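Each of the next two complexes has subunit A plus one other chain: subunit B in the first, subunit C in the second.
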Partner chain A sequence: MRSKVSKMISDKSKLGFYLLLAPLVLWLVVLIILPHIGLFFVSISEKVGVRQYETGLGNYAVFFNEPLYWRTFARTAIMSISTTVLTLILGFPIAYYIAKMTRGRTKTTLFLMCLIPFWVSELVRTFGWMILLRETGIVSNALQYIGLTAGPVEFLYNDAAIMVGLVYTSILFMIVPLVTTLDSLDDSMIEAGYDLGGNGVSILREIIIPHAMPGIVSGCIVVFMLSLGNYLTPILLGGKDSLWFTGLIYTQFITRFNWELGSAFGFLLLALSSGIVFVGLKLSRQTLTETMGR
Partner chain B sequence: MIPTVPQSNALKWSYRAYVTLFFVYLALPLSVVCAFAFNDSVFPSLPWEGFTMDWFFGTEAPYIGVFHERSILRSIGTSAFVAIWVAGMAVTVGTCNAFLFVRYDFRGKGVLYILMLLPLIIPGVILGISILVFSSSVANTLEDATGLWFDGLRPGLILVILGQFSFITTFATLVISARLQKFDLSLEEAALNLGATKWGAVRQVTLPFLLPAIIGAGVVSILMSFENFNTTLMLVGSDSPLTIAMFDKLKHGSTPVLNAVSLLLIIGSAALGLMSLLFQKRRE
Partner chain C sequence: MSATPDLECIDLTKDFSDFRAVDNVSFDVPPGSFFSILGPSGCGKTTLLRMIAGFQFPSSGDLKIKGKSMIDVGPNKRPVSMVFQHLALFPMMNIGQNVGFGLRQRGVNKSDIKSRVERVLERVGLPGITERQVSQLSGGQKQRVAIARCMVLEPDVLLLDEPLGALDLKLREHMKIELKSLQAEFNTTFVYITHDQSEALVMSDKIAVMNKGRFDQIGTARDLYYEPHSAFVAGFVGDANRYEGKATAVNGTAVSMVTDSGLHIQARSIGGALTVGQRVQSFVRPEAIQLEHNSAGVKGFTVESVLFNGANSLAILRDATSGELVNVTLPQTGAFANLSKGDAVNAQWDPEQARCYAVEGQ
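So, the complex of A and B:
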């Protein structure tokens, strides 16, 4: 009798387990795993006639043979890396100031002031930069007003404008993890560094940066990914020649309706971003679970 | 450099100046967007032509305000519809996931957890095209086999909802799991000892404890859904959500009505975000 009851209970909890497992598996299989397998298969199929396809690496060959494609790919990667570095350099002092130089209410307020712009749509933020930087915009008018330039200046539609926009869009994702890790660094460690004769630079190098490393890595990974996968900022702030790889993917899919080539592009972008994430994690000896699963 | 260790004044002040400059940089784009919502001119740029509220309430062309611009009102409705579905689904699945990962040990848990995190590192555009390709091939196969039409699998609101759900669920899962981990299991055991059923204990003890996280995750999901662009762009059909509609207007140049929408968006999302923070803080 008793064993029957306990068996019933365990059957029931088994049922509960499967009921909880089902939505997770359904979500991951139907929306993540199968679509990416499908994307891969489309990327290795070549169109030979109406609704006739052959398996082959032709789409990837097109990518490597057409300079416009692989140059845009390299350009996107390099500019994303520069954005990441710039964001780290600009964001680190801010994160340090919030974590170590302020207390209590000031700290909360500063942190909130960092957060608010990022609850707003990226589109609105980019729109703001367009108003500031365009020929009839605020910056151009301000420069004319103080007499630095004679006529209107166009700051929009070039790579510098893209960088400004990308840094602005992603800097929060650098600051938040940095503040979290720097918060956990005990002030007495820094004091001990000074007591032992260290100066600002050596303490930064020997104590603060090693301690902040997990935050630096996760911030860099997120910022790099956001820049690489960005579409809005490069399209709206960049000029005719400032192509971005996501823009090429969009063109192949929506304008040219060449899904096979578009899928190959998508897979290359996915490979690059996963590759960089993997290398970043390996170099810093961290795992995805502890970096992302916060 | 910490407050307890003395530093030269020049260094201290230049540090403060940098921090101040940074916050000016943060606030500048949003401030100009808001300011030009009140400019009495058909272009959102200088010169300043005077103060007007027409971009909110105006009815005569070209001064058609947000509240009378049909296309924008409709796209706000579309966005709200998508956001509510996405948030509802993401929070439901996220809660199940939280219970699964916090309460159960099973084979393959580590692998599933990593798979669950993957949507965070897949660029939104790729997520969009992969779902587009997959659903279209399913639709083609089904249509060839049955001769019926499967419009739900073609670009449109259903795919937009599924696409956003596919990565927002990860955020919901993380937020709710974090709170469930802090839950004291003995509370649930006490309820069981007092004669509650397993489900009754979860419903009356555990879920109320999780409520702040569930509401927080819901608000974050709504915000993320409202402002999502990359995934939505690839899956959108004829009904455009707000970000897509604004993007189209922005590309072709537009009147300050866009500034007015943006101002409303800024107020709305800041209020929602602050509310969720306050709510979580009070519960703790």
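So, the complex of A and C:
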């Protein structure tokens, strides 16, 4: 009798567990795993005639044989890594200031100010940069007004503009994990460092950065993924010659109706991002569970 | 003066925007001594210690270490080291790296660091733990590592900010003795701050009692206990029964007083002559009171309750006439082992052992 009751309870709690798990499983299977399986099969089918397909790695071969494709690929990777590094260099002092130099109300206000731009859509924010940087834009006009340049200057449609846009879009995702980890560093650790004769540089290198490492790595992973997969910012700020890999994928799918090649590109991008994150984790001697589990 | 004191504070003052945390504090600490600053929380002792370490700047006054002014010297350049309240061992380094941190900052070469770290760990009784992580140590071991991390730099003064606060009672008792013997072993000047009087009394050569940013009294543990200069010290160091009332007779230092409810007390005044009719307060230590069994019928005290706590057992007595309560330590000679509520007893003390002070603000 008693065991029957407890069995019923355990059955009930099991049911609850599966019900709670269901949305996650559905989301993973329907929205991520199934489309990827589908894409994978599309990517390994070669078109040999009208509605005639053969299985093979021809689409991947196209990528390696056409310099434009893999150069764009490499360029996207390098630019994304640079964006990540730049975001880290800019974000770290901001995060340190918010976490360690301010208290209470000021802290909340500053944190909120980092967040406010994200209430506006990415498209509008990017257009904001275009208003600033274009030939007839504010920066160009200001320079002419001061007399630094004789004629209008075009700041848009180059790699620097792409970089500015990418850093701006992703810096919040660097600051948030950094503030969280730096917040958890006891002030007395820093004081102890000074007390034992350390200076600013050695304390940063030996105490603050090792402590913030999980935050740095998780921030870098997020920023890198966001930059690599970004489509809007490189296209708008970089112009038609921006050559971003997501742009190539878009072209294959939408402009050229070449879904097979597009899918292959998609998988290559997935492999690239996973590979670089893996190398990054190995280099910083962190594990994914350690950085994401915080 | 024989030698230059290791640490000298001259009229040290620290003002925060709305209050004065440290108010004109002057003292000096001779080389090789154990100096404690004892005070309730919020009395300014941490601020004082942080000024000595260099984390806060005094508003006025001077601070000298081995005769040299430290006012313009940063915390990383001062010949003082600090053991933090929660020790602040670096969790990202192992024990060897923790202890060697200060030496690395000084640019000592690697093999020297290794041997000096090993030597200092041996001196604190923890040989061969350089490869361990901070989280693998017990509370007492962490304590000793924190001290080793400072002592490896051979500072002139070691500052300790209530480092025993986080330990459990048994370990704290043990570490008190250990700290004292470590201080003797290194022969370095220790400046120790605490709110726990037994830590201060047991370990220190000299103790300063701090209250509201000022030093009330500096003296040996004995001085503070037997000759407290102020009502605050008398109440803070050791336990005491406190009675407030009016002085009825003053004869030199001998004062008679009566509390508002009518208990007559004889005591000795310290500092400042008292006048008849003045508001005064007297302090009588529970352990200075003699207890006698009383035959029924004699006017005396009745036992209100007995708080049994082994050697520290207390009896709370009520005076029959005035109703005032008196805490008395039970002598553990066996004579009062069966004392219980309602018993009639007699209690008296030598007037020399009771202290009388004027009530402030009268």
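Following the convention adopted for this analysis, the second predicted complex is superposed on the first by the 253 of 294 C-alpha atoms of A that agree within 3 Å, B and C clash if a C-alpha of one lies under 4 Å from a C-alpha of the other, contacts with A are read in each partner's own complex, and residues count from 1 in each chain.
Operating definition for what follows: contacts are C-beta pairs under 8 Å (C-beta built on N, C-alpha and C of every residue); 3 or more make two chains touch, one makes a residue touch a chain.
The model shown is predicted, which means the values in this text are computed figures rather than measured ones.
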When subunit B and subunit C are modelled together on subunit A, clash or fit: fit
Touching partner for A:210 - first (subunit B), second (subunit C), both, neither: second
First (subunit B), second (subunit C), both or neither touched by A:79: neither
Inter-chain angle, subunit B to subunit C through the CA centre of subunit A, in degrees rounded to a multiple of 10: 90
Partner chain in contact with A:127 - subunit B first, subunit C second, else both or neither: first
Partner chain in contact with A:162 - subunit B first, subunit C second, else both or neither: neither
Subunit B versus subunit C as contact partner of A:179, first or second or both or neither: neither
Broader residue contact with subunit A after superposition on the shared chain, subunit B or subunit C: B
Which of subunit B and subunit C A:232 touches, first, second, both or neither: first
Touching partner for A:199 - first (subunit B), second (subunit C), both, neither: second
Touched partner set for A:191, first subunit B, second subunit C, both or neither: both
Distance in angstrom between the closest Cα atoms of subunit C and subunit B, superposition on A: 5
Common interface residues of subunit A - those touching subunit B in one complex and subunit C in the other: 191, 194
Touch list for subunit A against partner subunit B, complex: 12-13, 16-17, 19-21, 23-25, 27-28, 31-36, 38-39, 42, 90, 93-94, 96-97, 100-101, 110, 112-117, 119-125, 127-132, 134, 136-138, 141, 168, 187, 190-191, 194, 200, 221, 225, 228-232, 236, 246, 249-250, 253-254, 259, 262-263, 266, 269-270, 273-274, 277, 288-289, 292-294
Complex contact set, residues of subunit C against subunit A: 53-55, 74-77, 80-82, 84-86, 88, 90-93, 101-102, 104-106, 149-150, 153
Complex interface listing, subunit B residues touching subunit A: 1-5, 15, 18-19, 22-23, 25-33, 36, 43-46, 92-93, 96-97, 99-100, 104, 106, 110, 112-127, 129-135, 137, 162-163, 165-166, 169, 174, 198, 223, 226-227, 229-230, 233-234, 242-243, 246-247, 250-251, 258-259, 262, 265-266, 269-270, 272-274, 277
Residue ranges of subunit A in contact with subunit C within the complex: 186, 188-189, 191-199, 202, 206-207, 210-211
